[in-house]
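Shared between the two complexes below is subunit A, which has subunit B as its partner in the first and subunit C in the second.
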Partner chain A sequence: MISVKNLSHSYNNDGILAINNISFDVAKGETFGFLGPSGSGKSTTQGILTGLLKQQTGKVSVAGYDTMKVQNERFNKIGVSFEQSNVYSKLTARENLKFYAKLFDVPTRDPDELIRLVGLEGKEKVRAGEFSKGMKHRLTFARSMINNPELWFLDEPTTGLDPTIAATIKDIIRERTASGTTCFLTTHNMYIADELCDRVAFIIDGEIVLIDTPKKLKLQYGQKLAEIEYFKDGKLITETLKTIDNADKSRIADIIKNYDVQTMHTKEATLEEIFIQVTGRGLA
Partner chain B sequence: MSKVFDIFKRDVLSSTRNTLAIYMIIVPIILAVVIALSAQGLNDTAVKVAMLEDDTPEHIEFMRKYAKVELFNSVNELERRIMKRDEIAGLLPKGDGYEIIVQGNEPEMIEVYTKTLSALYELGVSKEDSRSEIYNFNRHVPPVKKMLVIMLISITIMLAGMLISFGIVEEKTENTINAINVTPVSQNGFIIGKSALGGTAAMASIVISIIITGFYDINWLMIILVGVSSLILSVLIGFLQGLNSKDVMEASTGVKVLLLPIAGSIAGYELLADKWQWTMYWSPFYWAYKANDMILSKTADWPTVLLCTGLVLVISLTAYLVMMPKIRKGLS
Partner chain C sequence: MKLLSNYIKEMKIAARGFYFYIEIVIAVIIVSILLFAISEESVSREKEFLFYEAEQELYDYIMDPYFKDGRLVRKESVGFKVKAMDIEVVDQETGEIISHHFDENTIAAETIEQYDTKTGKLDKTIYKVNSYEDMLHLSYSEQSFGAVVKYELDENYKIIDSYKYYIQGYETERFMNILYVLYNENPEVLKEYSDKQNVRVLGDMEKLNNRESMVPIFLTFLGSIMGIVIVVAYLFLDKNERVIKSFAVTPASINSYLFSKIMVILTTVTISSVIITIPVMGTKPDYLQLLLFLYMSTFAMSAIGLFLSSFFDNMTNAFGALFGVVLILLLPMFSYFIPSFDPLWLRFFPTYSMLQGYKTILLGGIELRYVLLYSFIYLIGGIIIFALANVRLRKTLTV
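Let's turn to the complex of A and B:
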């Protein structure tokens, strides 16, 4: 669904590259997470893929269209949810969606159904200008589904949402991807990437340093640890030991045999820890 | 095309909820009403004469043929009338003749005209006794009124640019241009759609204003042609200002810069000697003003109107070629 080969981009044509010779593919029906800290090149890449930024080098194909050529009909297959909500404040929620629906050449979804889906039922006739930040974000998210996109670009889809609404949004994403929609998810939130993505790419300083499934990354980079809490001489002691190290394995057996064990958990590395391990930097 | 219409409809809907946009759409019509109401004053150049009611009916009748006569029943009342702000001369019987009373600050013509009328009456002479022949060019449009209406048309064109720039500022501040850019709407379609409200409102205002001010029997096709062609530059400046402005105030300030070439073109056309008229040839507003002047005077012919329109188009299209890359970049 997306094919990127040797893509680079410089904003001022001054040799400073926002993205540097990146290549990756996203298969049809896949949820692909594009992860990196602010300024790493995520938005630049998404900008080129969605046609908002002019492609300078490399070869990019999105939904079967060459992005070097101007073919507006490709947007009939694409949906984009922006990180910053962008709706007309003087129009109501329904008017906003109805307006965008008319701009597509394909059958579109019922605006009221989408409004209900994102939890804004009862707000159909309320002007978007009166909405809270989170409500505007949900309306922007709803709009990205108006044309039933085959390829869905989501930029920080749960940012600024309370946990209940964020869970609803994640459920919607899961439902759509389960029904075959390809999803390109840009985020710096490793938890949402871990929950939703089939594969993730780590991008830093404009270069992709790693692409794999979250599970394989955890297996490859996670240290397979066990955390044990036990009482020794009346004090609660906590030890973290490697489950693949022979000395640590003996120590675990020793603790179980000789002490009063309170809790024992295996500990899996998070994507964030793996990101820091691989890139040497945090995601803030 | 339907998408362009949808963008236009959205802008109309949004404008109905925007007080400033509504004000800008109706202000030319209000100005047209003001011009229409003050038109009588602009047309009325008759000399006013104050007389006593007990003057002879023949004298009053004679003066009424050539002046606007106001009658008073006492000298005191007549004098109070003379002291009012407007220009009026008093004509009072005195001995065998008459006395002319003036405030002192009237144009000399008022005094001379009243004195001449009085002399003609005393001599028993009327206009029929004159041997002069009258040749009439059949110009019935008062020049000041016509000039005000053409100025109103120019201001309406500028307001169209302002309306467009406000629409672009709205798109910019709400970040909705990006949302449009990921729909099948082409950039040209978006530009035409966003120009449609300003253009339509301006053309409607021009037509309504011309009707209100009483210029019904002009060549409407000519006035629409000139109006549409002069809108191009306004649209371009509206877009450019909208894209370069952070808010509505900044955009309106920028578009007001248009007032300078508009006012300069009008002043140049009306005040410059023929040998200096060429200094205004660069301005599309000069050619539009010239064409509108001829159309409202009903002296316009198609070749001249087409020449003026052509020049407006050539100048505007040159500006288009210069500005368009910036506009396209701003919309990306």
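Let's turn to the complex of A and C:
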């Protein structure tokens, strides 16, 4: 569905690369996660794949179309949800979706059904300008499904949403991807990546550091961490240490010897911890 | 279809925003000023250059009563210094083009003042010259009305001819015409002799009254200048909301998006122009011609607006440039009111031809050729600029 070879991008052609020589492939039906901290180049990559940013180098094919060529009809197969919501504030929720549906040449979904799906029922006739940030975000998300896309781009789909709504959104994504939609998902939230993605790419400073399935990553890096809770000067402190690292091993011994250890167990690494181990940096 | 749904959406948005109402409110204010504050009084021609094609005795015979009753007063003769110029005259009747070359010269003219007998006010000053060529040369270098008045007597000493070829010195040289018009200040004479003469009655089309003559100014102002600013305002409103990005990931083209914006401008301009024109002009103008000219010129102007906007990324930055362009485009309005200020370069301004075109249409559309030619120029120019804007905006709108 997506094939990217040696893609780089510089916003102002000033030699500063927002993404640097990245390559990856996304298979049909796969949910591919782009996991990385803010500013690592995720949205930039989505921008090029969706044709919003002009491709400068490399070879990219999306849904069978070369992105160097302008072929608008490819968007009949593609759905895009944006990190920053972008709906007409002067139009109602329903009008926003109705108008958008008319731009496609393929059968589209019922606007009201989509509005219901993202939990905005009753707000059909309210202008998007009166919506909260989260509501606008959900409307933007709902809109990305209007043409039943085969390939679905989701940029930070749950960021800024409260947990119950985020759970609804995750369910919708799971359902669609289970029924065969290919999904390119961008996030700095490791839970999302872990729960929804068949494979994840770790991206940092515009470079892909590794691509694998969450399961393999955890097998490879999991069970090798020890989490110790102990009291130091009356305060409870938590430390996560590698059981295979010599320095960490002696640190564990040190803690046991000097402090009042509350709990201590080995655990499966989260994607975030793996991310830190691999890149040396956190996702925040 | 996509263009239509785009247009419907844009109209909804426009109707819920305030730019739309600004333009309508301005139109209502303008028409109120025109109707209540500006009189319908004719614009004085001030200066007229006349050549009487008649024997002196006959001229005296016809004119003496007027000199006696004080309507006409003879003044000292004057000499006009005129520059060398070439003039092409198109005979409206035969289509024949006659070229004239004039050298630098000083032309002597008899000065006659004409007074309104009722009010006693000076109506205009007539400069009587000795040849058709002098009349033509003077009328064009002074940018004033010029005419040939012809009188003849039949064997019974009745006046058989009383008509004028007339020209308006401020028409563009290219499209200037000699019009055969019955001199309509004397309708009785006209009636009596018109059967015998090979003359065409063109009615009182040659003059707009005070109030009417303001209409082309406002049509030009609203249709184009408001068009430029508002199309850009709409565009940047969308850019602020980032909706252009969402549009760019659909199968619809940016082309239809941009054109739907122009269609909104055309719609609002139609509304505001109708608000101004109908109460002032009534059924006099040919509204089909008016709409054609309005649409073509506004399309070209909005395309210019879109093109300009492609150099900026928000309204604040674009405003300075737009303001500058608008001020420059206003220059031909001076020439409209001050006929003697009419440098050649001003004629390349689109607003110049718009003013002339609207005036022509409001006069009754006698110079259809002018209207059609400029409509065509606006259309072609507009398409080219729109295409350029399209190419540029495709790159900058979605960043």
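Convention: the second predicted complex is superposed on the first by the 240 of 284 C-alpha atoms of A that agree within 3 Å, B and C clash if a C-alpha of one lies under 4 Å from a C-alpha of the other, contacts with A are read in each partner's own complex, and residues count from 1 in each chain.
What we mean here is this: a contact is a pair of C-beta atoms (placed from the backbone, for glycine too) under 8 Å apart; a residue touches a chain by one contact, two chains touch by 3 or more.
Keep in mind that what you see is a predicted model, and the values were worked out from it rather than measured.
Model built by superposing both complexes on subunit A: subunit B and subunit C clash. Of the two partner chains, neither subunit B nor subunit C is touched by A:F24.
By the touch criterion defined above, A:Y259 lies against neither subunit B nor subunit C after alignment on the C-alpha atoms of chain A. Shared-chain residue A:K102: touches subunit B and subunit C both.
Of the two partner chains, both subunit B and subunit C are touched by A:K90. In the superposed model, A:I78 makes contact with both subunit B and subunit C. Within subunit A, the residues touching subunit B in one complex and subunit C in the other are 50-54, 72-73, 75-76, 78, 80, 82, 84-91, 95, 99-100, 102-105, 127, 140, 143. Note for the complex: subunit A touches subunit C at residues 50-54, 72-76, 78, 80, 82, 84-91, 95, 99-100, 102-105, 127, 140, 143. Of all residues in subunit A, those touching subunit B in their complex are 50-54, 72-73, 75-76, 78, 80, 82, 84-91, 95, 99-100, 102-105, 127, 140, 143.
Contact residues of subunit C toward subunit A in the complex are 1-2, 5-6, 8-9, 12-13, 16-17, 241-243, 245-253, 395, 398-399. The residues of subunit B lying in touch with subunit A in their complex are 2-3, 6, 10, 13-14, 17-18, 170, 174-176, 178-186, 332.
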